[in-house]
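We just call them A, B, C and D in the order they show up, numbering each chain from 1.
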Amino acid sequence: MTKRVDNLKVVSNKILTEDFCVLKLESDQKLPEFRPGQFVQVKADRSPGTFLRRPISVHDVDIENNTYSMLIQVLGKGTESLYKLKPGDYLNVLHPLGNAFSEPVMNGKIVLIGGGTGIAPLLFLGKYLKNKGFEIEYLLGFRNKSRVILVDEYSSVGKVHLTTEDGSIGEKGFVTHHSVLKSQKISMIYCCGPDPMMHAVADLCRKNSIICEVSLENLMACGFGICLCCIVDTTRGNVCTCTEGPVFNIKELKW
Amino acid sequence: MTKRVDNLKVVSNKILTEDFCVLKLESDQKLPEFRPGQFVQVKADRSPGTFLRRPISVHDVDIENNTYSMLIQVLGKGTESLYKLKPGDYLNVLHPLGNAFSEPVMNGKIVLIGGGTGIAPLLFLGKYLKNKGFEIEYLLGFRNKSRVILVDEYSSVGKVHLTTEDGSIGEKGFVTHHSVLKSQKISMIYCCGPDPMMHAVADLCRKNSIICEVSLENLMACGFGICLCCIVDTTRGNVCTCTEGPVFNIKELKW
Amino acid sequence: MVNLKVNIGDLCFKNPVLTASGTCGYGPELTDFFDVSRLGGIVVKGTTIEPREGNAYPRMAETPAGMLNAVGLQNKGIDYFEKHIYPEISLFDTHIIVNVNGSTIDDYVSLSERINRLDKIPAIELNISCPNVKRGGMIFGTNLDSARDVIRAVRAVYKKKLIVKLSPNVTNIVDFARVVEEEGADSVSLINTLLGMAVDVNKMKPVLSTVTGGLSGPAIKPVALRMVWQVAKAVKIPVIGMGGIMNATDAIEFFLAGASAVQIGTVTFIEPDAPVKILEGVEKYLSEKGVSDINEIIGYLIKQIK
Amino acid sequence: MVNLKVNIGDLCFKNPVLTASGTCGYGPELTDFFDVSRLGGIVVKGTTIEPREGNAYPRMAETPAGMLNAVGLQNKGIDYFEKHIYPEISLFDTHIIVNVNGSTIDDYVSLSERINRLDKIPAIELNISCPNVKRGGMIFGTNLDSARDVIRAVRAVYKKKLIVKLSPNVTNIVDFARVVEEEGADSVSLINTLLGMAVDVNKMKPVLSTVTGGLSGPAIKPVALRMVWQVAKAVKIPVIGMGGIMNATDAIEFFLAGASAVQIGTVTFIEPDAPVKILEGVEKYLSEKGVSDINEIIGYLIKQIK
């Protein structure tokens, strides 16, 4: 797929919480084809002091309307400026970037595990898999009830299980302790979230011989393979997360 | 007068031409008292890459409504971001800065000469002098007819004479060649405009023993006397334009 | 309550936030915006024996996240300072430090002797790093032997706290810091500005009258932090860090890297109350982190990385 | 029609806009965005004899108007380059220049010999300025004797155009440029990155795995321009300028200051088509100014200021 730079128009900016929002963007040219797991590099140029682009996952794609959306969590100045965008504003993006999640090869339960902003790519992935005839379930972890977002959206794609650190909704504790991971035979797990969560999920999968793909959020300068800053140590040596990833099978990772 | 930093709200932004606009700003605190000739330092923080504040003259003051206005000419990235401000936006300013024009001491004709964006401080000055009972006339120079702005506003304060470089309106040529400067006895000239214009006006005043004050637009970093970057060579040595000026009697200047 | 007191030898600063020379005037220029007596110290404008007019206009250029200046030590000289400025600023309840400059070693020595006599000045900052003068300044600060000579000569006559301010325009900043320590100075401050240049492509000429000038502001912060870290690892005297500090977070980066105090420079041009805002921010950070004494985080990275 | 051709000795570049090493991959990575054959040249990634994994993650930190990197010469080595990369990139209709690195003089020499045999590589850029490796790199570029030794050794075996890339982390850049010229190199390129550092105040540790890294981007442009100007005044061989060039205006500043060509670095991470946009902008500037040959403005400031 050819990568390119586009000026996208903000169709809507749905504020979810004081630090989460969903931006819907449209292009006046035909959008490139996106695969689940891919990301884009966004220019946060309304934020003085933001120099590099910011990597953001493709959260949802609407081919018919030539739009796609991003789930943004405000972390610093760049994401803050994205949070403040209004319909009609423009956003300069470099897309599409990265590899994609692979299709499940074995039969059995498929679980998509997400934590915090890591749930972003899993909506697109879930819809894609459902479309291909796979049945999926979500296991989403949040800090507490007030930080739970988008359950309705994800529920329309697959059953949603929740954990919160304080047990204010769903099961209490970390995702890896959720009963759904014990009750049934799981063949494949897709995971995106904070590093400790992905490590815990990877350990669990290794122990139980579950195929597992994780999506990494390494610091990136370019996003398309020319700076070599985003590397992760794999069985093949250091590779770029932005071109060989962000999705990796845990077998490859030297975690 | 105590200097301070304020967040002003944009009441209106009147677009005059493709590179000139008038911003009207209000404060939720009582504005400081401004004297004609003073300026403010504006933070153009919507413009990535603009590091320092930008000096802008006080163009007009409305004490009753607690507002003042700025006449902006787009020159580079900072002024461009000011041009794009919309009602409701906020602008961070440091004010009031600089000295002020002095009152005319002799009887006789008083002419306020401005060129391009240099006309900015002369509206406030004209209104102030008129209020004090002085009769003034304006001599405003522009490149050509399409660049002539705000004649109605200035006409309400004093008679307006125009020159354009191509003669498309008013007299053709530079301000110093305008007939009004020859016809009558002039006692005092106030001038603000491009350097060559101020030099020509100063020469003419020296030759004809006219008292003359000019307002300089030196490059400034701070605007309140701590960086020593904005100096001009005077009979007293190098002095700061931002504190000892921007208004100087030409007698002091070593031009 | 967080302890913010830091020491240079037996000279105690009530907190580690100072203004940087040439970016705060003499102090009174800032009193409209905040009470300068709240700061740990004020390092006043570069001072010379004789009055100086400085360089010709234009003296500054905006650059990406920074600025170039070519002021060139414009000041009214020590006589004027002593007579007209000193009486006023010695009333501030904070340490006043004079930034000492000269073209020759004799200049530095006579000025230091003069200032040694001023009761209310507990320290001088020996500026061997000004890039904007033809003679003296950076020439002393970029040659180890000259640096040693001038420091030694001043140390011999100046009895209070001697801080030496280094130029970043050198291959090995640690060598210079070691000379400062060896010659018995009490503290080293860094960095002065990086030598830079700007060109006006429309006029097809340099922006500055002097062609080159000193680069300051956030652009230079990574270089400043690196040098503070290198120097703090190498010498035992306290290090005063500066270069591009815009907010409390930046200041804390310097403390962690090894600075016992920081100086606030260019940001004051944009936010006149920045020094006091930074002071407040540092205090807030420490209490949020549960650190009761700033000295616990000074050089934290050095202890951590061996 | 404006002439954009510039020369390094008898090697003619169709225009003076090149990509900078380590910021453009090998060229093919950019073909989605523009036709790289339009550029004057492509300086490929830093290459070593043996394959290298580079430094541990994290390798980068954003800084005000710039970034720090600590890549550390990750590359697959000369064998892989010769077999898999060279055949593909030698098809580009532009000069391919290899950025040559090593830990020892022998490394540099053997690599240069190998590359001397590659027909479609008309020049190498000897990188004695990488700040991100423990051995070699900047150590050669910050010591005059070592610099001389490595340049002399490489010059003895490398018969095509030899460009030497200098480190800005030195007291006197002109001394190094003179050595480059004296040892018979054909051109000098500068600047490589400034040594810098960033600290994460929340984690209370350095951002980079290597603590320090190389600062690039617009933040360093004033320093780069100053050094290009100093060097261009001092040597007769052509100077290739780089450091923080973001747009055509920046590039023109370098030409006016004395650069015969420019390299486009960090900006390509943000705007992948920046090199070609800059080329177009330079051409536009020249025709608007009525300049028919780029060589007329190269070093214009040097002729103007005596």
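Definition applied: a contact is a pair of C-beta atoms (placed from the backbone, for glycine too) under 8 Å apart; a residue touches a chain by one contact, two chains touch by 3 or more.
Here the structure is a predicted model, which is why all the values come from computation and not from measurement.
Considering the contact criterion stated above, no chain is in touch with subunit B and with subunit C alike.
Of all chains, the one whose Cα centroid sits at the greatest distance from that of subunit C is A.
Inter-chain contacts peak for the pair C-D, counting C-beta pairs in contact. Note on chain placement: the centre of subunit A and the centre of subunit C lie 47 Å apart, centres being C-alpha means. Here the spacing of subunit A and subunit D, counted between their Cα centres, is 36 Å.
Chain centres here are Cα averages; for subunit C and subunit D they lie 34 Å apart. Counting only residues that touch two or more partner chains, subunit A has 49-50.
Those residues of subunit D in touch with two or more other chains are numbered 61, 63-66, 217. Viewed as a contact network, the protein chains form a single closed ring in which every chain touches exactly two others. Across the assembly, chains come into contact as A-B, A-D, B-C, C-D. Those residues of subunit D that touch subunit A in the complex are listed here as 22-25, 29-30, 32-33, 45, 53-54, 56-67, 69, 71, 74, 217, 266, 268-273.
On subunit A, the positions that touch subunit D within their shared complex are 2-5, 43, 49-53, 94, 218-233, 237-238.
In the complex of the two chains, the subunit D residues touching subunit C come out as 61, 63-66, 68, 142, 169-172, 194-199, 201, 204-206, 211-212, 215, 217-223, 225-226, 229, 244, 246, 249, 252-253, 256-257, 285, 297, 300-301, 304-305.
Listed in rising order, the residues of subunit B touching subunit A in the complex are 45-50.
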